[in-house]
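There are two complexes below, and they share chain A, which is joined by chain B in the first and by chain C in the second.
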Partner chain A sequence: MWLYEKKLQYPVRVSVCNPRLAKFLIEQYGGADGELSAALRYLNQRYTIPDKVIGLLTDIGTEEFAHLEMIATMVYKLTKDATPEEMKQAGLGDHYANHDGALFYHDAAGNNWTASYIQAKGDPIADLYEDIAAEEKARATYQWLINMSDDPFLNESLSFLREREIVHSQRFREAVELIKDSNTGKKIF
Partner chain B sequence: MANKPLPDDYYQRLEEIQKIDFTLVELNLYLDTHPQDLEAIKQYNTFTKKAKELRQMFEERYGPMIHFGHSYSTHPWAWIESPWPWQV
Partner chain C sequence: MDTSFRKSFEPFISRFDPCKPIPVKYYETPPQLYLGFQPEGLEQFSPAEALKHGTLWPALYAPYSNPYRHDGK
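== the complex of A and B ==
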């Protein structure tokens, strides 16, 4: 069971209508290392991960949906007042032709989201290493997005999300150690 | 209600909740990998109490934050009255 809370995890403000920036941000909505991938990856892996780290995968997976909502809010606010011509100028003509102003799960280049982006190997170390890599890739993406953005309000929210990737990565690294300890009885190699 | 401008008080109270909830998310994830840390658990419980109080005060003014029986409703059905997060 999940509950919806009618608030964002962190405020999202944008300075002006800016569909070009929205086009880039969609990378974190429906891209390979985006928030949808993250949420679905962790919430699927958790069924077969050792008990010790089920809570962590559940909680981080749930937080990722809050991040997905923040990205959606950014994209929505950056495009809601854009004319078709402005969407076209921003490189979102292909998107507009298929979706009008609706959001969709694709990356910045327009490739639809696919389950091939994520994996569940049934091997806890393999899964957790994938999760750590995913967090680091998402952190890097947020940095590239901040580098391209000239909207100071938006950058506050993007910086928050970048920091969350760092914390998640740290927690997943601890989870690896917890699993190693229980598998080996603290053997030293 | 989605189109009515909201008072500053709405945003201030919301931000207070977002702040305390952030602390709780951080403590929660930390405790997932440090389940023996009594000090962190005490902090978690203290902030949980405070968060419940702030949420209750917010809901009395601006409507339910959580659905499915976790918030009370006035008449008409309040859940769909207040603005959604991307509208504020």
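== the complex of A and C ==
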């Protein structure tokens, strides 16, 4: 089970009304390498991974939901008072037609989120390497988003999220070292 | 570092697990995880053996067998 704290992991401030940026940020909401994919991937892999790294997957998977909430807040703030005309001009006409101002799990190009973005192979090495790759891809996505954003407040939050990807990647790499090295069960001779 | 190609762990077993527990689970940790950049001058298989094994290098040869069958097949 989870306990919920009614605050964001890191503050989200938006300085200018810019619905076009929301269109790009949604990539980290419902995109292949986004926070939803990350959270679901890690929490699902927990059941079949060696015991000593289950806790890590729980912690990181949980934190990804905190990141998802930050992205949602950014997208919401950037679009909340946009008129249909402004949405149209920002390239969000397609989104508006289907969802009004509601958020939805799709990527920047409008493709709906799908479970085929994630994998649980059951092989601990394959799964952890996928997790490392996912963190690097998310880090790269944050870089491209920062490159397209000139909102200094928003970029602070995006930089925080990018840094967390680096830390998570490091922890997954340590998890690989742990399961590479140890034999907690019976030895085979 | 334990560089063996197969590791195992003992998952938690509950009194209430419905199926007969498998007490030890195995996973593969093949040689490419440990080699780093392959050093020069490693031992080689003969060409005929290399063709059969799929690698020229004994250091990378790690055949798989079902860990849950004791006859090794």
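Here is the rule we go by: the second predicted complex is superposed on the first by the 182 of 189 C-alpha atoms of A that agree within 3 Å, B and C clash if a C-alpha of one lies under 4 Å from a C-alpha of the other, contacts with A are read in each partner's own complex, and residues count from 1 in each chain.
Following the convention adopted for this analysis, a residue touches a chain if its C-beta (ideal position, glycine included) is under 8 Å from a C-beta of that chain, and two chains touch if they have at least 3 such contacts.
Worth saying up front: this structure is predicted, and the values here are computed from it rather than measured.
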Of the partners chain B and chain C, which touch A:A175 in the superposed model: first, second, both, neither?
first
First (chain B), second (chain C), both or neither touched by A:Y10
first
Per the contact definition in the header, classify A:L56: touching chain B only (first), chain C only (second), both, or neither.
first
According to the contact criterion defined above, which of chain B and chain C contacts more residues of chain A?
B
Could you say whether A:D123 touches chain B, chain C, both of them, or neither, answering first, second, both or neither?
second
Set intersection of chain A contacts, chain C complex versus chain B complex:
none
List of chain B residues in touch with chain A within their complex
11, 14-15, 17-18, 21-22, 25-26, 28-30, 32-34, 64-68, 70, 82, 84-86
Under the stated contact criterion, what part of chain A meets chain C in this complex?
50-52, 123-125, 176, 179-186, 188
Name, in rising order, each residue of chain A that touches chain B in their complex.
3-12, 53, 55-56, 59-60, 63, 69, 72-73, 76-77, 167-168, 171, 174-175, 178
Chain A-touching residues of chain C, taken from the complex the two chains share
1-2, 4, 6-12, 24-25, 27-30, 33-34
